[in-house]
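Following this line, the structures themselves.
Below are two complexes that have chain A in common, paired first with chain B and then with chain C.
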Partner chain A sequence: MLFEFAVVAGILFGVYYALLGVGLNLVFGVLQVVNLAHGDVVMLGSYLAFEAYYAWHLNPLWAVVIGVVPALVAGGALYAGVGPRLARAADPEMLSLVLFFGISQIIEALATVAFGNNQRSVPASSLGAAPLRILGERYPRDWWVVAGVSAFVLAALFAYLYASPVGRATRAVMSSPRESAAVGIDVRRVSVATFGVGTFLAASAGVLGVFLLGGVNPTEGVSITVTAFAVIVLGGLGNAPGTVLGGLVFGLATELTQTYASTWSGLVPYVLLLVVMLARPKGLLSKSARVA
Partner chain B sequence: MPPASHGPKPVPSRQGPAGRAARQLRRLGAGGISDVGAVVVPVAVFLAAVHLYSNELLLLNMLVYAVLAQGINVIYGFTGYLPFGYVAFFGAGAYGASLSIIYLHVPALLAVVLGGLAGALLGALLTPLLRLSGAYFAIASLAAAEAVYEVVSNPSLASVTRGPYGINLVTAYNQSLSYDAAVALLGLSMLGVVILRRSRFGLALRATADDATSAEMAGVWVVRERSLAWLISAALAGLAGGVFAWAISVFYPTDVFDLTISVFAIVFALFGGVGTTWGPLVGAVVLYGIYSLVGLSDPQYFQLTYGLLIAALVLFLPGGLGSLTRGLRGHFKGAPGGAR
Partner chain C sequence: MSAPEGLRPAGTPATAPAAGGLVIEGLVRRFKGFTALDGVDLELPAGAIVGLVGPNGSGKTTLINVVSGVYAPSGGSVRLDGQEVGGLAPHRLVRLGLNRTFQVPKPFASLTVRENLAVAVGHSGRGAPLRPDILGEVGLEGLGGRLAGTLNASQQKRLDLARALATNPSVLLVDELGAGLATDELGELAHYLRTLADGGITLLVVEHLLGFLEQLTDTVVVLSAGRRIFAGSLRAAIADPEVVLVFLGG
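Presenting the complex of A and B:
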């Protein structure tokens, strides 16, 4: 009974973790950039949900929609600004790592200035109060709502990647930027679009994270980035569909340790990340994963 | 003392220690004198500073950060591996030193050495991370640091590590001796970097950082040299952690495993310029100085400043401040681009 509860919770959280990681993975797959500011954008998304609920008296889920345009524009503009300079550098990978580390510090500082140091949260009842009863267990309703919205955003992302022209071009760039350029794809434009989409995915994960991650504070970015990284390493770097599997494995692992060895559950993301990186550096689905 | 020789003119041998010292200095050349200065001057300045300036805690933190920045220099400047989780070794050193005082009742100075050993042991344990490259290594080391923190601060281990309740070393507290130990440690780290810059080992490391395959072909045992640099860097952080624990004597796991410590050490090293002797020290002194002036009351503005600073450095001055002075010096000497 405890076990079934943990498994269902693990799946619900797993779908959410997939959303949390997929933006980071998309950006990595296309741009070969580890966006260390990913977690900080997630944090900003959480504050957007907070503001939507308290300042504008909306259902906090509206923040997902409100965030679309600002995230696409800000992300795209940022990459359009720094991308060419990074591409010219001698060691773009290391340079981008340090650059996005700096950007993450900037976002964290600005968020502290704007929102203060306190932990903020949005009541779960804003998504409907009564717990859901499924298979004889009672689950907080917000878990189901968050998993549902996450699944919807993920489905929209895969529709974009597999059925739209820009998405097809994005996947082409993921498999080979050089050959994509050779067949006439504008790699630079695809990169800018991808960074925008990745930023939106992070922000929407933040809106939902205000429920599942237990609120928001300006310094949570780093640990979220590490968590997201653990998810995408599990699923395979640069492998967007693999991220869903990675999220599910990650969700189940954290929920099961939470249930059976709660003091050690904080260790799970880090140990999973290290073990998978060292033992299966190409992810659990290594056959279909790219060489990172 | 005569200035350093400008040519290979043989020096007539003179008797007496002074003559021998002068001869050795000549053999070392101008670079040798500045290398000796790189060790002696910071030590002398910090020893004097504590008598001229009353805020000893600020000086101590500056010393600790200077050592950590040099540790980052050893691993990042010479091998290109950037450990975001560098603080793990600092924390391991702090706990190694503290627990050996609490359980083994060793004198504090020995405990600091054991702290360095704890850092090196953790480094040895994490050596497999060196198989990862670039960003993967950086993030994996971050995860490792968080994992170590989760273990040390775990309430389930409170009987061993005191878990989240922290450490109290008041009985071992010795303000002036711990400060002197920190100064000595800075001297040691400066000496280490000086040696690294002049030795075959350092050259091998840099060759490895430039192109590991070519270095291996040229006879460098890449894995061994890189692991050695990693252990040296880890031991430096461990020693720094040990001195820090002794000097402040009451602390919590969050104080010594704070990721901000990694962040500061990396920022200070990058700001001054990695791969140089003075860069990390200058970065630590200047930026920590600014931090303690404006940052303590409004840390977010300091964070904003250094975030902008990093972004600007990466985009416009990837070699750190050091590359700026090198550029100027080249200009005055009439190097490429300069007037003749």
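Presenting the complex of A and C:
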């Protein structure tokens, strides 16, 4: 029964990890930059959930909805501001790394001033107290709620990418920015929209992460970015559907290791990452379904 | 472009594209001190076919890139139907009716051939495609459902041409479309491009293959080291000592 428990937990966490990584991957796919401030936006999302619960006395999940417009606007405005400078740079990849690292440090410093250095958390009971019994095993209710909301947000994202004109343009830019411009797509506008969407996805992962990641503190951004990066490398850089597979593999590896060899749980997912990189350098979905 | 799917004459479009006269004057493009284009003049009357030739490094593709908005000009002007368009972004030029093909196409690999064209139709802002059977015309009949990433190089070139035509251009810049084609295929391509011009599309054709150009047009512009060294008939170009010198060496 231990095995079944670990597998189900791995899938639940895996769906969440997919959400944690997909914004980073979407931004990478369109803009070809690694947003090193991704984890810090996740952290801010966690604080939004904290404030929603303690300051505004709301169900913390409302923070996902509350965060939509501010995240879209802030992310879009940020990229609208720095995008033209990046486009003019002789080495835009390197400049973007430095730039987003700087933004990451600024967010971390401001969050420390605003919220202090202490670890904050939101009680799991805010999502319902009673554990859920599935296949004879008892699971914390917040795991299922977080996985359910994550799946919903991911489904909305894929509906956006595959059924909306802006989403189709986004996929086109992920595939070939040069030819996107040659069919009349405003690549800069798509980039701004994508950064806004990526910021919202990160913030919503933060709202949910306050439960699954064990609370929030201002300095956790870097480690979250590393986790998200591992997830998207597993699934394939620039491959949004691959991120779901990457998240599931990462979640299962983490939970199975925690169950059977907890001492090694921080190591095994990254060893797995190295193995996958050696066997399939472009990620698990690199050959059969390399799609945006 | 390989058999079995040959190019076939373009059908008559529902309505002809808007007139597309292109005038380039004193066009300059510098890259950190290196002058790739040095005051190039070039005129394409609406509906004309003009060949652009020159040895490697002469600035042909740079000119296409500047005119199509990939690079901003460092000086000079580009006018489309009398309107200054130099320095506009590529997507804005597409919406004004100026489009191009690429020497090495990179279609939307994760989209089907048909979706590639749908994206072009949907974003060009130039209405429904005037050529309803583009896939058939360029020899991709029956491949509409294939992922573009699975096409071979020749088919990707055909798709690139179809993609550009799906945006209803009035001016089309064609960058070495004939490279790698067999003699009979070059003949088909020349015939197809002529039918496009007959349909009202102005063509600037960058090409190394003078035999191919001869089937297409008698008007050429020759570039060397970023400068225009000749403009006139192809026959006269072949007899021009300076043109002969840059192609064959001194």
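One rule holds for everything that comes next: the second predicted complex is superposed on the first by the 277 of 292 C-alpha atoms of A that agree within 3 Å, B and C clash if a C-alpha of one lies under 4 Å from a C-alpha of the other, contacts with A are read in each partner's own complex, and residues count from 1 in each chain.
To be clear about the criterion, a residue touches a chain if its C-beta (ideal position, glycine included) is under 8 Å from a C-beta of that chain, and two chains touch if they have at least 3 such contacts.
It should be emphasised that the depicted structure is a prediction, and the values quoted were computed from it without experimental measurement.
After superposition on chain A, the partners chain B and chain C are seen to fit next to each other with no clash. Residue contacts after overlaying the shared chain place A:P165 against chain C, while chain B stays out of touching range.
When the shared chain is aligned, no partner comes close enough to touch A:R141: not chain B, not chain C.
By the document's definition of touching, of the two partners only chain B reaches A:L95; chain C does not.
Within the superposed three-chain model, A:I106 lies in touch with chain B and out of touch with chain C [touch as defined at top].
Of the two partner chains, neither chain B nor chain C is touched by A:R280.
Taking the Cα centre of chain A as vertex, the centres of chain B and chain C in the superposed model span 90°, given to the nearest 10.
Considering which of chain B and chain C touches more of chain A, the answer is B. Once chain A of one complex is fitted onto chain A of the other, the partner contacts of A:R120 are absent, as it touches neither chain B nor chain C. When the two complexes are laid on top of each other via chain A, the two nearest Cα atoms from chain B and chain C are 13 angstrom apart.
Note: residues 292 of chain A belong to the chain B contact set and to the chain C contact set alike, using the contact criterion stated above.
The touching residues of chain B, when paired with chain A in their complex, are 80, 82, 84, 128-129, 131-132, 134-136, 138-140, 142-144, 146-147, 150-151, 154-156, 259, 263, 266, 270, 299-301, 303-304, 306-311, 313-315, 318. Chain A meets chain C in the complex at residues 165, 168-169, 171-172, 174-176, 178-188, 290-292. Here chain C touches chain A in the complex through residues 68-70, 89-91, 94-95, 99-100, 102, 105-111, 115, 119-120, 122-126, 149, 160, 163-164, 166-167, going by the rule given at the top. Of all residues in chain A, those touching chain B in their complex are 34, 82, 85, 89-91, 93-95, 97-99, 101-110, 112-113, 218, 222-223, 226, 229-230, 263-264, 266-267, 269-271, 273-274, 277-278, 281, 292.
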